[in-house]
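To keep things simple, chains are lettered A, B, C and D as they appear, and every chain counts its residues starting from 1.
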Amino acid sequence: MINTQDESPAHQLKLERVGIKNLKTLIKINRNNKEYRHIPKINIFMDLNEDKKGVHMSRFIESITEILEDEVRDYHKSLEQIGKHILEKLKIKHSYVSAEIEFESEIPTQELTPVSKKDTIEIHDIKVRLKNNNGSWTKILEVSVVGNTACPHALAVNKKGTHIQRAVGKLKIETDFNNDIDLEDMIEAVNSSFSSKVFTLLKTDDESFVVDKMHDNPLFVEDVCRNILSLASLKFKKSKICAECLSYESIHRHDVFAEGVVET
Amino acid sequence: MINTQDESPAHQLKLERVGIKNLKTLIKINRNNKEYRHIPKINIFMDLNEDKKGVHMSRFIESITEILEDEVRDYHKSLEQIGKHILEKLKIKHSYVSAEIEFESEIPTQELTPVSKKDTIEIHDIKVRLKNNNGSWTKILEVSVVGNTACPHALAVNKKGTHIQRAVGKLKIETDFNNDIDLEDMIEAVNSSFSSKVFTLLKTDDESFVVDKMHDNPLFVEDVCRNILSLASLKFKKSKICAECLSYESIHRHDVFAEGVVET
Amino acid sequence: MINTQDESPAHQLKLERVGIKNLKTLIKINRNNKEYRHIPKINIFMDLNEDKKGVHMSRFIESITEILEDEVRDYHKSLEQIGKHILEKLKIKHSYVSAEIEFESEIPTQELTPVSKKDTIEIHDIKVRLKNNNGSWTKILEVSVVGNTACPHALAVNKKGTHIQRAVGKLKIETDFNNDIDLEDMIEAVNSSFSSKVFTLLKTDDESFVVDKMHDNPLFVEDVCRNILSLASLKFKKSKICAECLSYESIHRHDVFAEGVVET
Amino acid sequence: MINTQDESPAHQLKLERVGIKNLKTLIKINRNNKEYRHIPKINIFMDLNEDKKGVHMSRFIESITEILEDEVRDYHKSLEQIGKHILEKLKIKHSYVSAEIEFESEIPTQELTPVSKKDTIEIHDIKVRLKNNNGSWTKILEVSVVGNTACPHALAVNKKGTHIQRAVGKLKIETDFNNDIDLEDMIEAVNSSFSSKVFTLLKTDDESFVVDKMHDNPLFVEDVCRNILSLASLKFKKSKICAECLSYESIHRHDVFAEGVVET
């Protein structure tokens, strides 16, 4: 039995993260009595001692596969729960000091259009990341939500109106594994921080509502970013909260950006 | 000497396009007394007879390399001129019925801000494509330019204003190789078709000018697309003209789109 | 009631395609007793007469939303079936001569590893496109599958081995709406056309099997492309079949490419 | 004169980074008597106090524009030198505690093919980032270079050969502004760390050389990563050195990855 991975490397240097990127698989979740089906992009890494040439990559895949199969009869509770089980399984197969797993996916939310009150489904990008460092667990949840900014400075100086544009808001929360946080609550915090929410379906009255809302609530990217930080710090305790807003300026080729961090 | 490429293939089927994608190299152009330096992404293909297993890929690269070296002392005249020389060189090295080459790059234009009259440099995506079919040459030039749309319907129905967003306009011209067309003229045609031009630099007075311009000139993506078609068909004769506009809606997560074609 | 869309445009030009790009929503399919859940990227377009300023974009969304809701109790039969219903619904809401809809998504397939015979789930990119032109329906199905190429020329001239690399194969089939074709059969045709299939999970014996397979079955991109064309033309009748192979060369920075078309 | 930016924000929170993303412009460099022309993507940020509603975005652009114009007669010395001048100019226009600027671009290197000794131009991705924190300057230089890995484990266990694939190596160096480091030396360090260098042009003898080299020098991503760390730590002193290798596995759909850090 040849185990090239266990040989001594040419340069005896510890590596921080070794593993797999961009693996895709099918995962079924049942969270809060709602069923989610993900085809996430998965990254999974561990550290590697200076005396080993390589990790056994197939053990990463086996850890993922076995956890997904074991639990397939009843659906999984959450991506972070699966992630924890995978890293625990990996620990048995392959010793490490630190390891992490990341899932990149999308979730739908059900919304009502603002005036006509019709059902509309909105899709949001999410990331769920779980780290084990020397036995202690940290999770990092992230959502990206589309909205808009209406420039308050241009509104103040021009009679005819202002410039308005699509923007993307992000909220990232780093917290203890056991601190229960819903991605939908995070999405709602970002959604409420823009000049207006956006909707896939908008009847004429809804569209007027959104246009008026943007003019009544003009915001810089800095304002959106602070709104997210403020709402999130009320809602999510014992967390490191990071917020971003990127705005696809309608008067420029470039984007404008704001980022802030608070701890609760 | 083993020439696997010239062997008979398992399935004797003609192939339409065989060659290289995403090759990058450095190209220097001197066009209209202005110097351009490109690091384009290059695609180059030819057809392949049913009786040959493969093309000789290195002859594509040699054709590119030799043309770029031969002409390096004086700068090249244009990307389409280099492309023609490369496909002519390839024809000597490797027989074909049809072949094509495509360059994907960017060019800067020098603009003046609308009120403060300051110099500003704007960067635009371009594609230059050249096809040889049985000895006859066609070139296809394409530019992508950033601008904006202000919705005329929302402006008509709302008192407070309208929704505005970043948009991208495209103009593609297919014409005879000898029909001299400047990419800068194509960029100008797209630039003039939006609710307003956008600028990298905008002082407060310039910004007000752009905001007013957008409100005075509200346009659907359909309008922008027709504006491009109309301007381009006045300027560029004996051509197949294709125009597109894609708008990153500020009130939706999705984009809206229009595309049209005219022949001159 | 103001209907800016129905006004006369500044330039009276017909437009080929007007509509929506990059809309995302949730779709549930039950095909061949297997349940699929998609969050596809959707594009939907129709033509626009020269005498109308714009289309009514919200009618596109309503057509999508109503079809998805109407049929939500029992799952949908296929993406092309939903697409047809959406375009039929759109025809009632908004007259057109030609219209099309495209879904971009992913599907999982269940495979067995080649030696250890373990279950493994593989994810593949798909596109389903449906066109209505003057009442007649065409569908275009497309799959993208990851595999590899081992260079037969280098294998013939070198004692130590050859160069090997990841490759992507594509199969696109344009056919009548009623010609029943399974995306899984298309995936299988591409999968069988590489030097070897690839797998997410590979135990040591499986890995050796794949490495040997690649050396026993060296192929150019041209060979892979012709293999796909040949397999597909046996399986899929009354179709226009287009195949591609792109190889991420391990000895170059650039990619090599082959594309062919046959009609059955 | 209305200065909305200087008003008090709704939520008095400090922001870490506010500014501009994805701005493109034209920059001419003359470094080591070689002329480079970049159309970089530029990001530029500063911190923002809790008592100001927003930054003055146009001052970022003016700082960039004025520096590029001031120095246009003689070419610029390096991207990091321009970056420093821009951040110094910005400090005069707009007070900050910390600020940073990042340039994302490409540079060509001139290589000789290994056997036929022909000239070949290779293009590499680079990033140059400069940070000012309370008056002290840090620069972060990054290069991404394409190469390959040949699996040593598969080579050891199989008679027919191994699996080989394209890989990308990264080297990131964080150091004092005055520590002179050439991007070309960084590229060379990564280039020498793969199973073999890759070349755009390869004649048959060159190709055989590369194929043999890969089989004589089989490496895991971990090996490539440690090779980069080892070469870089010999060459670049007083630096924090980060290396990565990502390999597009030819036997899998997913990628494998290694990352390490050393300080010199």
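Just so we're on the same page, a residue touches a chain if its C-beta (ideal position, glycine included) is under 8 Å from a C-beta of that chain, and two chains touch if they have at least 3 such contacts.
Everything numeric here is computed off the predicted structure, so don't read it as measured data.
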A-D compared against B-D, more contacting pairs: A-D
Most widely separated chain from chain A, with each centre as the mean of CA atoms: B
Centroid spacing, where centroids are CA-atom means, of chain C and chain D in whole angstrom: 35
Computed distance of Cα centres, chain D from chain A, in Å: 26
Distance from the mean Cα position of chain D to that of chain B, given in whole angstrom: 28
Of all residues in chain C, the ones touching two or more other chains: 23-24, 123, 157, 200, 202, 204, 207, 253-254
Chain D-facing residues of chain A, complex: 2-5, 9-11, 13-24, 43, 45, 48, 53-55, 57, 152-153, 156-157, 220-223, 225-227, 229-230, 246, 253-262
Chain B residues touching chain A - in the complex, by the definition given at the top: 122-123, 146, 148, 154, 157-158, 160-166, 196, 198-200, 202, 204, 207-208, 210-212, 214-216, 248-254
For the chain D and chain B complex, residues of the former touching the latter: 23-26, 37, 39, 58, 61-62, 65, 69, 106, 108, 118-121, 123, 200-204, 207
